[in-house]
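The following blocks contain the structures, represented as structure tokens.
Below are two complexes that have chain A in common, paired first with chain B and then with chain C.
And then the complex of A and B:
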């Protein structure tokens, strides 16, 4: 094997471990801070308390932001999932003029800098009078999360043997019966993963939301606005909740995909 | 003629064209048109004549470049180290790279305030070791922004790089060793060239993302480290100059797409 002398190996391991520490330090440090009893941000915390969670849950504006975030994330992730999965099916199974172009267009929100999407949506929504509207917010979140759905569902449909579908058809199954009894049970783990990714994507979205949401406050938007003004320990509690949400969601995805043996193709 | 499958794609395509493509085209229009006079380049002329814009552009380029180089310097050894790990350790390492990727960028940026602040972990460590007497200011300057950006973007480089490295057949390296090549030669003549397309592709991707970065400079820069995105924010939300913002956005969009085209070529090479 390569790696050379024990010295180079030791050096490599040190760099590797330090890199992982660098990567995870922000996440690791926020969680204990949220249970701090101190008013200022000091690490390690001088004592344990739940005061920041009490402040958070006692603040109606934070609660409202959580509600808005949840509603927007639920609606936009479901729309992105349904439209994205249908489109992924059409792209993988169909052949029509402009297919590559359509696929590129669906992935574009991932490549175009988010700030540009934010400005374009701001100008466009202002033009048609939907700036600061709920509809505008949900549509924007839907578009931004389409690429995540496309990536997961594209792989899943490509891996799903088309002949299984054809057998169902040829045995006389109707279209809706094939979808319900043959395709969905097979694709369910990937559908779940795609939905989770779209949900997290929407729940964490901050840039476009800050530009176009108007009076609507989502959790990341409120967090961002407060961070620019002052360093407020309540944010550590919000951050911890976001970390927990992400860890649980990812664990669920890994478990469900792993059980179906679909973890590898989806991740790589 | 439309072939099969188009009806599945159509609903999403309509939504995308109406709610994504049309706004971008409208933005491009604002950048090049003036009411009643038609096509104009005057918004671009305004850009060149205003030194502030050029300064922000230079700032952005410099920070993006440094953050990208830092990413390479940290990411390559990390991915290479992960490749050599045993199964369980490797899984843990992958999890530790993937998890930050999905955690809100706000959370990851915010924590650096605690770590890098004057009374933060790094400064207390530096003073404890006696390396410095007074706290070093990492926050609200380019240093903090660069550290934060490198941190947020690291998974974007490490994951594809690791995927490329894991595909390299061990027998190839063993063959070279059995023919007497020293480890250094094996690394530089065989291993490194095989990872180069993925490294180049990942680097370009990170650079593109750096150019459009908004959240991290806004928080860790404290308004003192303006990058293109923050300038755009000012031009839209504070002193409304939509045409100017559109002109800058158009340039950023074109630069991004050009780099992305290069990325696609390299990425195809890397996954071939």
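And then the complex of A and C:
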């Protein structure tokens, strides 16, 4: 990358900048549109107003979707955090037969196309009678977000000197005491990052949710449905809120991991 | 305070034996070193005794109690690693108080006991620092204090001085020996450094490919090695053909040099003379095509120089037959 002739470097830079523009322009356009005074989606906006935010917060169905999204994201991210962290611990510290197979199994939701995961979850949840239920929704989001937690926690655990744990055991500390008093205080930044990724992962999820949520509407699912029915500027207000949430959460992760000196290229 | 006993301990990984039918007795208060090259299985052996790993065969006793299946938590051992393995988020004092907290000793009693342990390792006035603010030597003292503060039955040290520079290492060797004697704690140290093994231990166990080569006092292992491997691993070895096709060992310090033609002896040429402070080490080429020899002679006044002709001899009692 660093090498090469000035021409290839210039070309690389151009392509990079164009890709960045391509990715950020929709975001940059959506935000001013949400503050537009126009009745329909127009750009540039003819004037400034908060009417779409008023519509959004005044609409009980949007509020309900937000509540559903928040509750599902909170529960599923915490469950995914606990399960994913334990799985990462077992995979990084254990040496048992079929470890690679187990890791592949846990990581699968991240690797297989989401639509395949959606169909699998649809059939699986239908079989156990949880299709269209709130519990089913939480279970699905948990399964989808475990790989994210495992990736972040796996790196953190691998980089934590195992001998520190072993010394704690030799000094008489039980496994759970060691996890609470030795591991967690040192891995806290990564735990926080993993939780944020799982939370955002759940809050943003639309494909699987559309398949299995039944009457429950999450924010992205409602956005998708609204777009099909009518193009309403309310959606730009929702989008702006989602962008702000994501950017703030990621900024918090970068800040905390950066302070702990744990910011690795693999995480960003 | 306890003794350690290993009976036929083996640890296999597939077809590789990291420990192969090892027997060992460490008596109460003794300082024993497990010495071997990397990959000899010495660290595996220590992890088996610490309870971090389970043997595939054999039994381990600490203080007469069979601990073969007991987890590390129930063995009451002090463990020190080369990497210090201090808890990074705790202060020096919190690190040392950790094993006491686990044992429900808290408050003023824990504090007093921990400060005493820190005094014992000569690390005072730094107890509010974090490990990252300490030098390597200081960190290792904290690790030692943490390992002895709760009066463990045995002390296990895994290359504890390996990460330190030479001068500090020698300093800490003396202190470690003193600490061990003061506490009278049964100690097992693992190292690949033969000098460390020779200077610290009551007895040395030499290990290679997971198998015991010899268990003996340092002087005995050095001068009367059980085999060629021990002879070569513990220091420079001169092998000399003796009658009956057998081989004998003479250590460089036992080789005598005199000016050519004096005292009989074998004529030889000095290939290299290396001045080491108290000693001069000579690399010698013997007349008649015998294997080259090394002699280490105290430096008094004048040394032989490279190319000089000398006469080499040794006492028959300094010749030790090896297989």
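A few remarks follow.
Methods note: the second predicted complex is superposed on the first by the 249 of 268 C-alpha atoms of A that agree within 3 Å, B and C clash if a C-alpha of one lies under 4 Å from a C-alpha of the other, contacts with A are read in each partner's own complex, and residues count from 1 in each chain.
In this section, a residue touches a chain if its C-beta (ideal position, glycine included) is under 8 Å from a C-beta of that chain, and two chains touch if they have at least 3 such contacts.
What you see is a predicted model; the values in this text were computed from it and never measured.
Judged by the touch definition given at the top, the superposed model places A:248 against neither chain B nor chain C.
Comparing chain B with chain C, more residues of chain A are touched by B.
Shared-chain residue A:143: touches chain B; no touch with chain C.
With both structures placed on the common chain, the touch criterion links A:177 to chain C but leaves chain B unconnected.
By the touch criterion defined above, A:185 reaches chain C but does not reach chain B. When both complexes are overlaid on chain A, the residue A:169 reaches chain C alone and has no touch with chain B. In the superposition on chain A, A:42 makes contact with chain B only, not with chain C. Comparing the two interfaces of chain A, the one with chain B and the one with chain C have no residue in common. Interface residues of chain B, counted against chain A in their complex, comprise 1-9, 11-13, 15-17, 19-24, 26-27, 30, 74-75, 77-78, 80-82, 84, 93, 96-100, 102-115, 117, 119-121, 151, 154-155, 163, 170, 173-174, 177, 183-184, 186-187, 191, 208-209, 211-212, 214-215, 218-219, 223, 228-229, 232-233, 236-237, 242, 245-246, 249, 252-253, 256-257, 260. The touching residues of chain C, when paired with chain A in their complex, are 50-52, 71-73, 75-79, 81, 83, 85-89, 98-99, 102-103, 143, 146-147, 150, 156. Residue ranges on chain A touching chain B, taken from their complex, read 1-5, 8, 12-13, 15-16, 19-20, 22-27, 29-30, 33, 41-43, 83-84, 86-87, 89-91, 93-97, 99, 102, 105-106, 108-109, 111-117, 119-125, 127, 139-140, 142-143, 146, 200, 204, 206-207, 211, 220, 223-224, 227-228, 231, 235, 239, 242-243, 246-247, 249-250, 267-268. Interface residues of chain A facing chain C in the complex, by the touch rule stated above, are 161, 163-164, 166-174, 177, 181-182, 185-186.
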